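The structures come next, written out as structure tokens.
There are two complexes below, and they share chain A, which is joined by chain B in the first and by chain C in the second.
Now for the complex of A and B:
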């Protein structure tokens, strides 16, 4: 307990600042890659609230990510509204869809919840692909404009990267605060023992809905960013492969740790981009990575620091067990 | 304790069934304020089903459940808990990934109405943390406060579960076989803990250990195959011929 703890909020801001500085020597390609990586990392952090905290693994999270993107695209391209307002419509719209669907989805648990969400994602995907000229069908909607923030023009790669970082830091900071709050603890309670929670006076159904909607809203924020960054939304922005990749990011990163899913979400996107140049078998790589994690590292990336400390501890001479508390404090 | 006082708990003609099995068949009983009320019966006689129906985890087929004069038959479990109805479970029911202190604080935050705060750190709710620390100290569990519950011994978990239930400041506490699976020493510690509960708190206790039941309770209800076969002061019920036949195995 004596070990000094860094405030999670300060850590989020520090990592954001580091990522901002890191882009200094990079060209537009790498800046773009980092932008998309941060977007997927952030979406995975949001999903961790649902999977890691409330214990509800979902294979339909991409839908909320993509719906916000479609909202932004439809708003700007079809209805001619200001990009900021359109992004707001997308995010609020996606949240409202989550709010409407949550009461139905949270009735089931475990594998049933996972597949209900997969079905939900497929319905949204079906609407997007068969939406005709409204949604652009299989071709999606190209030409989504990037807005400018007052005098700050966000059309350049560097500018949009910094803007994405700013949004990501704000969103992830909010998620981290939420996760550590009384409600965040309650979600852990629901994951650990629903019956006990009900016996303590907690409305378990309401808590599950809250986790569902919060995760969806965070996903929607990053989905809108993604659409603005790519200037495009299509069925691929909300299909089951995206949902699977987000869920795998949470598992590979370490469910419930928040930072692990960010690292894994960002890292998986970079790996995907790398493999896209060398092989068509990205799903195969993803699957292998998943199996290796589950078998060899069940706690995910987030468990590495603890395993590392344990190794160092056991490597030390047994004669000086007391030196540990001194060196760690 | 005047006989005219409103019972803390009244169960009227309660019938609970699962498919073709009738687990409880027209059970009627009343628990007076401040009572130490034992529920006795062989395995499968409906004791836990009675608790589950009273706390809202099982829906009865017929009958009413009245808590402190208010009909709670249709209320969900969490609403009953908020009214002051706390329980433990036959199989220990805690949050294994959290510390002992966090387990009690979870209950305290709900009771104190701060469990809906989505922003401030959970441990910043000082009143809840103090109640948790105070309860752990009262029950002699202070040394376990920072231990993860999954790593605690079984007896320690049984005691902690009572601390968690007490954090709700209940008016009625239902204990489902609190000493089941405990060693003789642990059973003694738990009996002592129950003995020291506030006199104003009404306690209903399911228990197989007859020594524990006769030592702790002033009233006793006996169930057999879902039917209430005896109900009255412990001293009388333990001499009841039907009870001896059915359960005590004279």
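Now for the complex of A and C:
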């Protein structure tokens, strides 16, 4: 059963290159749509480290996405710093908030963790909404500038798309490498059997904190990209619905597979942007989509290749023994 | 002094509504380990059905009954249609029940339109009375009283009745309850339907206070989930204490510190869960 395997890191770069070429014939609208799709796909990949690998479902991940955007907006609009520095402030700031909150949050598990994160997200959302002139309140902060990278002007749709892809490839490449590392693999151990991992001498608490912060940082990178793309940040980028969308992208894609959440995050966002403009029934369609996925494809999009291989194998004649039982987490 | 009385009553009103909502959610969760995120949508659906029946018949009682029945029936359909997925992995539960919530919310919008609605309280309960120096709507006082009564009745039912004992047995040890000949599947279905009916009833009872509008389903859902987890999953006492606490914190927070009311509401939640991961009245092992 030796199948030729390409390394996941190379796959990320290859897909990035393909996506870059794919935008060639597209107009500004579709390029913009694709940009946002990459942003949400990337954020979902980051969250998969926390949800799929460490097994901690968070309903407050949008906070880190939104905080970085607010950092960028406040930096450029209120403090007058260079956009690159402001983006750095946003991402580092968001990461520091995660680093400060993680030791508390990882004390609880399961549903309590989900709720703690929900409450955390609501606190951040509430502070931004009621922040008055400092955060623009419910109106948010319009006019976030897009920087230029040396001579490369990023204000055009095509240029910003390529820049987003570049950042996404870098971030997702890092996530994939992290997932394959010893730390990433021991996270799976913590998810599956915490007691055993602790008995083996792993610092379970530290591993959880690492997963939390990695996911937050990746979310922050894409949050800053999102703010620069939209030229705007508002409480919508901190809304719990965004957190829910990210979490559901991970589940629909197949938690722990990394590529599935990217496909789901990007795909769901494109569908939403497209349909929300054309029909009032989008929430119904989305709801039915979730229901159908969970009933027909409980392992998510990532289980499709395996199902397909199984079908081909069982279609083959005579007694091919089942090589291994389906053990999806 | 007036401020104190007024906000306390406001908090207790919110708490009363939250308790009706959270009691159904917590029992379903405690029994089946199902976090039903469609609970808010069932609340809204019941409220709108009650609105229509109320407009047609002019009777608040009929509206409340219709709202509870409609939501309970819908809950039963959901439970029967998705019984296997509902008992599956928590991730898939979240996906399924949120999907159902989105679908129901949009269908409600389709049927009733986007305009917010209000159900008038019954004639008998119209007007205000003086309580400790402040005039307060009778209907809201009625809600507070009803929550106390419902809490007491639920507690007696839960702790003292035979059916309550059967349900508790299923919560504590499902395989053993099944081995003793308790029809566990039917108990599950019934409890799920009753939880949904409670949500629908709350939709009607809450409509004179909160109104009915699209989006409300998620506002109340978030608060109900918070109440359930803080109170301790599966604990009716926890749901009651949690509801009243959240209601009071919400009322005083909004009145005293409107700028940071989300902070005053959710920061204590974080604190409580960090100190007591199983909630105030929860037991270890129930996750």
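By our rule, the second predicted complex is superposed on the first by the 311 of 329 C-alpha atoms of A that agree within 3 Å, B and C clash if a C-alpha of one lies under 4 Å from a C-alpha of the other, contacts with A are read in each partner's own complex, and residues count from 1 in each chain.
Quick note on the criterion: a contact is a pair of C-beta atoms (placed from the backbone, for glycine too) under 8 Å apart; a residue touches a chain by one contact, two chains touch by 3 or more.
Bear in mind the structure is a predicted one, so any value in this text is a computation, not a measurement.
Student: Could you classify chain B and chain C on chain A, in the superposed arrangement, as clash or fit?
Tutor: Chain B and chain C fit side by side in the superposed model.
Student: Decide which partner touches more residues of chain A, taking chain B and chain C as the two options.
Tutor: Of chain B and chain C, C contacts more residues of chain A.
Student: I'd like to know which partner A:230 touches here: chain B for first, chain C for second, both or neither.
Tutor: Once the two structures are laid over each other on A, A:230 reaches no partner at all.
Student: On the A-aligned overlay, A:202 touches which partner chain: chain B = first, chain C = second, or both, or neither?
Tutor: A:202 sits against chain B, while chain C stays out of touch.
Student: Of the two partner chains, chain B (first) and chain C (second), which one does A:36 touch, if any: first, second, both, or neither?
Tutor: Neither partner.
Student: Quick one: classify A:289 as touching chain B (first), chain C (second), both or neither.
Tutor: After superposing on A, A:289 lies in contact with chain C but is clear of chain B.
Student: Looking at the overlay, what does A:184 touch: chain B (first), chain C (second), both, or neither?
Tutor: Touch partner of A:184: chain B, not chain C.
Student: Angle at chain A, chain B to chain C, CA centres, as a multiple of 10°?
Tutor: 80
Student: Can you report the least C-alpha distance between chain B and chain C in the superposed arrangement, rounded to whole Å?
Tutor: Closest C-alpha pair between chain B and chain C: 12 Å.
Student: If I apply the document's touch criterion, which positions on chain A are contacted by chain B in one structure and by chain C in the other?
Tutor: none
Student: Which residues of chain C touch chain A in their complex?
Tutor: Touch list, chain C to chain A: 35, 82, 85, 88-92, 94-96, 98-107, 109-110, 218, 222, 225-226, 229-230, 233, 258-263, 265-267, 269-270, 273-274, 277-279, 287.
Student: Give every residue of chain A touching chain B within the complex, in rising order.
Tutor: Within the complex, chain A contacts chain B at residues 1, 177-178, 180-186, 188-189, 191-193, 195-204.
Student: Where on chain A is chain C touching in the complex?
Tutor: Counting only chain A, the residues touching chain C are 51, 57, 104, 107-112, 115-116, 118-120, 122-123, 125-127, 129-130, 132, 240-241, 244, 247-248, 251-252, 255, 280-284, 286-291, 293-295, 298.
Student: Considering only the defined contacts, which chain B positions touch chain A in the complex?
Tutor: Going through chain B, the ones touching chain A are 55-57, 76-79, 81-82, 86-87, 89, 93-98, 102, 105-107, 109-111, 114-122, 125, 146, 164-165, 168.
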